[in-house]
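Below: a set of structures, written as structure tokens.
The two complexes that follow have chain A in common; it is paired with chain B in the first and with chain C in the second.
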Partner chain A sequence: MKEETVVSLKGAKKTFRDFWLRPTVNAVDGLDLEVRRGEVFGLLGPNGSGKSTTIKMILGLLDPTSGKVEMFGRPPRSLEARSRLGYLPELSYLHPFLTARETLMYYGGLCGLSRGEASRRADQLLSMVKLQDVANRPVGGFSKGMARRVALASALVGRPELLVLDEPTSGLDPVSTKEVKTLVKALAKNGMTILMTSHLLADAEDVCDRVMILDHGKSVAEGEVAELGESLEDFFLAKVGNADEFVLADFLS
Partner chain B sequence: MSSFWRIFSLEITAAVRSKSLVLLLVASVAWMFAAPLLFVGDGTIEGARAISVHYSLGGVAALLTISILASATGAIARERAEKRLQLTLVRPVRYTVVAFAKIMALAAIGALVLAVASVVEACRSDLSRPCRHVLSPVMPTPREEALVMYEAFMGDPSTPAKVRKAKKSVVLRLLAQRSLDRYDTVATNDTLRWTFKSKGPLPDDGLSVRLRFTNAYDIRDEVRGELRLRVGDSTWSGSVSNITQAVVEIPLKRISSISESVTDAELAFCNTGRSALMLRPRRDVNLLVPADGFGWNLIRAYLELVAMVSLIAAIGVFLGAGLGRPVAIFTATVALAVSEMSPSVIEQYPDELETDRIDAIGLYITRAAAEVTHPISSIEPLARLSEDACVERREVARTVLVNVVIAPLVLAVLAALLIPRKVEN
Partner chain C sequence: MRRGRAIVFATALELLCEPLFLLVLLVALVLSSIAPAMHYHQFGEASRMARDAGLSAILVGGIVIALTGPVRTFRREFETGTVQVALAHSVSRTMFFLCKTLGCAIAYVVFVLTVAFASLTVVNGAEIGGTIASVRGNIARLWGPSLLCAIAAIVLPMLIAAMLNRFARFRFTLTANVLSLSFAFVGVFYRLDTDLAGRILPAAFLASIPALILLAASSAFAVRFTGNVTLVLSAAIAVIVLPALGNYCLSDALAGGGHVPATYIAAAVATIVPAVAALLALGVHFINGRDVK
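Here is the complex of A and B:
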């Protein structure tokens, strides 16, 4: 593995099976992927294309059926790899009875920060996501956008080198969406590696350096956004093929 | 270690803020006061004590068993269903730590509720009331005795061919069961002797012998006899005269006193009644030696109950790691019912040679279930507490070590193996 490679998938395949171990679906089918240090990498594709499964294999939440998945040159489940990772899931999944501050302190603690360090980091991040005024309110009462910002802050609490964002702007209003995009760019500028999935192609176009388009678990295109030559949306629809199906899937999602 | 405390305190915080801990405490305290009003005793002090301990404290233990089991099965399973678990699993924390911290948090909640209930019990009890070590005669284990009986059994030409063909392990198990109920018969003017091993020198006062007469044959005739306990050159004696009681306690008086450091005591019972007597040494004969007070006994019983709750929490978390929550709760409830029922099923139907093949399979499964659930079903400190029988320190230490440390650690390791597999689905 090259020094600058942060995430690497080689021939990764994931087949889901039923109770009798009969294969039901090939969610990811022999995928090769490489995310380099310091870049913002976008994983795009319609619903069911294998984006979430790919992300889960990278995070160590799923084992590949075959092939190899590595993060920082190590198996994704190794403690060292996980200590350099931050993750924002598609929905926030916060503990509703914890306050915003306690949430960050909790995840900071899991990342190995001392109490004092976690407290300082929590204050810093709450101010960054503009939630310092509601820091001591239980997150169960937060709006979706506020909860999303807490989740983003908790993904950053351990000062990760790799940030995995699953639909980071989902559920956010246009202002918050813009703020998240600005934040992603700023983090990338500071050297953080970012791997994100998105349905919103405009978002990917704005922040990603490179993208990969997945369809039926396979890569159908990969390259630098600037080199794709046409609008990402047109390129995407051309590659995925069935525009109507995609629009319907996007609408339903 | 920091991760352990974070997850531990998260579980405690969840219990406090969801008000489930407060509800559990209120329900427990309310039950402690309500039970003595709801259950009517037989008018004796012993009856009132049995209600106070068995129904009040026992009711709280039962309430905790159900609620801790429900919480434990959800500790991982619900977090997984709500997809919150993945946020923990992507952090640099060992899965074993995740499971163990959750088990310990639930055990701590159980310990707190039991502590409050025990304080209520302590407040209305005489803490200085003495309790006794209950010593049984020193005998070979039922298994050892069964091995000896087996040889004699198989050498006896009258042993049925069906038994001869049976598996040795099956026959040994049945003989071991029978040896538990083996009777020693003592004819008129005859003497039976049993040996006891005490933990230290016996005191001058407060010793007594408990005899159980469980069959109607004994109760119809007056039981008369003389008891004599010898430790080295020291001797205690007592007289038995009983016509109606199923259980009698005969106080022993010291009749010769020499300072002894010997711990082997020989108890002799001379039957001076008109009829022969039958006594099961493993069940019907005990030497009662004074121990400390009810207060200390309550603390030891409390520790055993905490150990039981801890094991239940560990089993619940383990099941929740590998199964969906509804299935985990169902499985845990069935296991709990089996742990309670299987010993009596086995006792009622000990002889599978006399049953058909289907019954034999059923008994085999029941016996296996009883074996697996033995660590929970065998913890019953409340029975001893209500009888003022000492909950022994060594037994408490062993139960705490196994149920609070070893079993939860092992189950946490197993849960850690299941967590990533279940996340896949």
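Here is the complex of A and C:
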């Protein structure tokens, strides 16, 4: 593995099985992927293309059926590798009984920060995501956008070197979406490596240096955004399907 | 260490914020506080009835907490996805499982201590009531002290928690649970060094044994199976464990005001340690072998 490679997948395959261990679906099928230090890498694809499964294999939450997955040159379950990671899942998974501040303190604790350090970091991040006024309210009562901002702050609490964002703008209004994109660009500018998934091509076009397009668990295209043609959307549709293929006319008639 | 502490704290907090926990605690407190006063034929053994009601409440309520607590917290982690975020940190799955189980055990201990302390207060009240009755000769000897205890351990914490929730945004359930423990403790603290405490607290520990084994069992099964399957499997373990209670001869030990012998406590520990260790090892195996979707 090259020095600058942060995440590497070689021939990674993930087959889900049912209770009787019969294979049900090949979510990821022989994927090769490299994310280099300091870049913003976008994993694109339609729903069910294997983006989240790929992310979960990188995080060590799912074990690959075959192939090799490495993060910082180590297996994904390595604690040393995961101590350099921040993760924002597709849905804002938060403990509803914890307040926003307690949530950040909790994740600060999981990053190994001392209580004082976690408290300072929580204040800093709450003010960054503009939630300092509701810091002491349980997150169970938050709107989707507010919960998303808490989840984003949680991902940053340990000052990660690699930030994994699964659909980071999912459920956000246009203003919050723009704020998230600005934040991603700022973090990348400061040298953070970012791996994000999205099916919103405009998001990827705005913030990613390189992208990979997945379809049915396989890579159908990979390269720098500028290399993939004038419009990422046209390129994407050409690779993974086109709206013209839908028999809408038949359906409507 | 910090990572483990964060998980233990968050789990204990989660369970203490649960309405179900508060409900079971209230039922146990009502049983141990009011039930002795409901019996008119006490044959001069009002304090013994108060003590037995308290221990029964610990046994039954403790089993409910031990079965449902781990199921709810582990299943919620897996079903809402919070486990994904936790395990994306530098936290091993083994540590996550063991620390969450410890958090459940802490919530359970809060329950046992609250009910045990409340029982001590009621027994104390029954003894005072008995003295009054021997002078006045009326049947209402238990009502006064028992109701005072009920108000202290049940009604006042609820009222204060409601006020704190209304005016200071404190979490109602958590505040009520903590206040119940504090009130029960304050009501009894001056008797902690007495013979009575020396009997009831070890007896509460013995009554907790099947619950602690069930807590380890339901934690282990909850990381592998759905909530319903976990409850069925844990109930099967309960059927095996509960009859073994007879071995500890609780009623023998307590009859006639005797102490619980140290040998009973030692036998209990010798039973609980390997059983809990085996179940926790099973849980560690389950969590390390599964995909976290």
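Please note the rule applied: the second predicted complex is superposed on the first by the 241 of 253 C-alpha atoms of A that agree within 3 Å, B and C clash if a C-alpha of one lies under 4 Å from a C-alpha of the other, contacts with A are read in each partner's own complex, and residues count from 1 in each chain.
Just so we're on the same page, contacts are C-beta pairs under 8 Å (C-beta built on N, C-alpha and C of every residue); 3 or more make two chains touch, one makes a residue touch a chain.
Because the structure is a prediction, the values reported are computed rather than measured.
Aligning the two structures on chain A places chain B and chain C in clashing positions. By the touch criterion defined above, A:165 reaches neither chain B nor chain C. Shared-chain residue A:137: touches chain C; no touch with chain B.
When the two structures are aligned on the shared chain, A:69 is found in touch with neither chain B nor chain C. When the two structures are aligned on the shared chain, A:85 is found in touch with chain B and with chain C. By the touch criterion stated above, A:12 is placed in contact with neither chain B nor chain C. Stretch 313-321 is the one among 169-177, 313-321 or 349-357 where chain B clashes with chain C after the superposition on chain A. Shared contact residues of chain A, touching chain B in one structure and chain C in the other: 59-63, 79-80, 82-83, 85, 87, 89, 91, 93-95, 97-98, 102, 106-107, 109-112, 114, 138, 154, 158.
Listed in rising order, the residues of chain A touching chain B in the complex are 59-63, 77, 79-80, 82-83, 85, 87, 89, 91, 93-95, 97-98, 102, 106-107, 109-112, 114, 138, 154, 158.
Against chain C, the residues of chain A that register as touching in their complex are 56, 59-63, 79-80, 82-83, 85, 87, 89, 91, 93-95, 97-98, 102, 105-114, 136-138, 151, 154, 158, 164. Residues 2-3, 5-7, 10, 13-14, 17-18, 82-84, 86-94, 420, 423-424 of chain B touch chain A in their complex.
Chain contact summary for the complex, chain C toward chain A: residues 2-3, 5-7, 9-10, 13-14, 17, 80-82, 84-92, 169, 171, 174, 291-293.
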